[in-house]
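So that you can tell them apart, the chains are marked A, B, C and D in the order they are listed, and the count of residues begins at 1 in each.
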């Protein structure tokens, strides 16, 4: 369904799409069945001269079941949907698979800041790479994110990942994703955050291992500092 | 237009219309105060040590005195109702004035209390505890004032022996305001 | 309204003095500074007092059951509200989230943007949050 | 006996009424019918304001950056103000006043067979407070900084601090207007509930009360029971804005999530507050125009009550991804899907009512039937959002927008037109033009589907709400999606154009419409036994009730209807 418009680029995108398909089939059936019944009844019992209406209270057995049985079937469908929905939810939001790397995502009016560990693999060290409105991640690696906001609510939404999480000032919210497809995609802010809400876009770059290594090497603050030092020494 | 509509005089539920309306009013008041109290208790639990330090500043003696005042005014309100039932509008009115006096004492004490606290720097902005403190007590005080105004009006008609059923209705409202304070007292003054 | 003649034989003065007695209990109890005693004497007694006022002064005991139901529903709704909010509002740390301690240090909203703990990240500017 | 003398008084009062100055007659009246009209016309006028805002921001979305005729270029701040004002007005100043206050005021006394509301002066005051709130919310569009732009949900800290929202006056006025509106509806609600409980005609038992009275009363009750915490929350928000308190400010130890809970604890029942009266109106119309007893009156009543009760347990499904405890989300998924059961049951019962009928497709019936047909789609798409796992994707996309417009449009617009065209003869004593009515119906219902069906698709394709220009997002700036956005906007323009037919129809009918008889649709309920329009006091002699409201096609009777007041 959704993959018709938006690619699946995370390990759980397929689960969400599968759930959406299940819901579509079940509620689609009921919707179409009810509409057909509805329009057929309007046509069948249109006003005709000399035909009297039937006096029914709804308690008569032969008509009552036409409502009762569908009613129980709706309950059964609900149970299926609940089970499927909770399974997907637990996978995305409740469980936290072990991380290959942890990044920090900070929303503020009106930009996204991403901090990721440098070569040492640890956050909050000198070799952290900080980017604004561009997130570079490596395909097939599990990332944890620490989501924060500095001013108002924002929402970290990555449609291709089927991932969305509000960021709340004063709280750090942890979540995860695992990109499965290389490419450049949109990151949006999905919670109104002031006049710049409509421009609070960022770009997600899912890269292969080599590309990512190369990007890391180019952007590492320590490498840059060393390069600067070596530049100045060679020029002397 | 001055004539009462027949609607007001009917009683299909067997509860007088005015009293039924007061009960509904109280249902809506329960959820207003309830929402605020729930928010207060949740926040208090979330920051118990920090808030206790702030709550220590409130003076339980003032709270206790005001509780005493409101309980006493509730007594006179219910005695006014008793008098009204006996058809003694004059006595009911006198007791209602007495109840109003209780409300007035409550408000005077409260304004002294707040003046002291504000002059010591504990304003509505200084800490979330104080924000809740002033909002809760202020909303309650607002209800006290509203109750007094209605009561003065009811006492006016009751003293002419008219609309005596209103004495009970305003009394029910006043008791509710009293009950709210019964909970505010331990929440704001006692639990440190 | 004359049928509403209950309460004639209630001794309001006696109830009033019981309420005053309970008031004293609710003040003296917490002075022991034992948590459980405070809870019982302050809040338990408050519930008893509220119940007595409702029963005797508001005549709720002889009111039609529908009124008792209505008020009860209002109270139950507040319990539901409490239950729904508690996992988020009442805690410092929950499943997959925790409150950011750095936010508590700043009391002046004026330097909230930077001083709220993200000073080290403020290098990319506030992107025109022109206030 | 007392009834007669009272009624005579009223007759005299009615005579005197014609000499009243127009201000007293139209603005200071305590008559429930006049107050109903005040609410009705104010609500419809506010509907035009809401429609105008929708027109402006839809134009901006279809043709970003182009000047919009009648407004000019839409800045990002203005865009936020427009969507916020649209949402707030449509819910609080259109759906509520028309569906609950206007129809409640008009119908409850007439259907219960009594002369007025129990507290006529409180009723008048409630409208005046409501009018004040309406003036304030419209005024926000003209103040410095513009109208509040933090969405109708007003999540803090954005709404709590002018440094973030940049609308210092607008956001404060918004909170005040909403709070006043709540006060007005609390007053009105007490009036409705007590009138329906206490002032029913002699002989009218609880199960003889027409469904629409039940739904309006239960809606008022739902409103009253859910709005309290938000009212307290609104006061707190006002203090945060004006005094600088920190109830919702994490920097001062407050909690922004608290507001979301208080808001949705009210906000979800609020959906049913407006849904139920519309469902009631539809039930009345379907019974009359299918000439059928409602299929399972009692079961409908139980489903209404079940919906009302369950609606208090589902609120956090609006906050699945807001940072609440993810385990709580599972609880709310279960309750949310459970609420589909009484709603589905109610729809089934309505459809079953058609069985064995003799259906006349007059304009009111067309509206009522289209309510069911479209509301079904709004209902089933809610399942996608209630299922937590799918909501992770759909939350705050246009799918949500399309979903709730497929519920709110049937409720607020179709429900209003259904009730308006049905009771118009009783309200104003003239018959609306059927041909114009049908043109207006088709001219509204067809474009409506063309507005919101495309939005389901843009939402599924990842369009988020409240974005003033999708060209800023590379993945969303495709010609395919833009074509859908333009389709929606064009359909909106067509639909708005057809509303002229509606107003022309009213204008024409007031000038030269056919005079209405007492009971033009051959219905059973009590309001049709009064004159059209009913005089002050409604009846010279108040009716008594002998049977339920839906005795149509009773075997062995010459007429196919049996008014409630007719003696056996």
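What to note about this one:
By definition in this document, a contact is a pair of C-beta atoms (placed from the backbone, for glycine too) under 8 Å apart; a residue touches a chain by one contact, two chains touch by 3 or more.
Please read these numbers as outputs of a predicted model, since none were measured by experiment.
Annotation: B-D is the more contact-rich of the chain pairs A-C and B-D, by number of C-beta pairs in contact.
A straight line joining the Cα centres of subunit A and subunit B is 49 Å long. Chain centres here are Cα averages; for subunit B and subunit D they lie 34 Å apart. Chain centres here are Cα means. That of subunit A falls 32 Å from that of subunit D. Multi-chain contact residues of subunit C, defined as those touching 2 or more other chains: 73-74, 77, 81, 85, 89, 95-97, 99-100, 103, 112, 116, 129. Within subunit D, contacts with two or more other chains are made by residues 164, 166, 225-226, 229, 244, 246, 250-253, 255, 257-258, 265, 323, 326-327.
The multi-chain contact residues of subunit A, meaning those touching 2 or more other chains, are 93-94, 109, 151, 168-171, 173, 194, 196. The set of touching chain pairs reads A-C, A-D, B-C, B-D, C-D, using the touch definition from the header. Residues of subunit A touching subunit C in their complex: 93-94, 96, 106, 108-111, 113, 115, 130, 132, 148, 150-151, 168-175, 194, 196. Of all residues in subunit B, only 13-16, 19-20, 23-24, 26-27, 30-31, 34-35, 37-39, 41-43, 45-46, 60, 64, 67-68, 71-72, 74-75, 77-79, 81-82, 85, 164-165, 168, 171-172, 175-176, 178-179, 182-183, 185-186, 190-192 touch subunit C in the complex they form. Residues of subunit D touching subunit B in their complex: 2-3, 6-7, 9-10, 13, 30, 109, 114-120, 186, 189-190, 193-195, 197-200, 204, 224-233, 235-236, 239, 243-247, 252-255, 258, 262, 265, 542. Across the complex, subunit B is touched by residues 1, 4-5, 7-8, 12-13, 16, 19-20, 23, 26-27, 30, 38, 42-43, 45-46, 49-50, 53-54, 56-58, 63-64, 66-67, 70-71, 73-75, 77-78, 81-82, 85-86, 89-92 of subunit C. Put simply, subunit C touches subunit D in their complex at residues 73-74, 77, 80-81, 84-85, 87-89, 94-97, 99-100, 103-104, 106-107, 109, 112, 116, 129-131.
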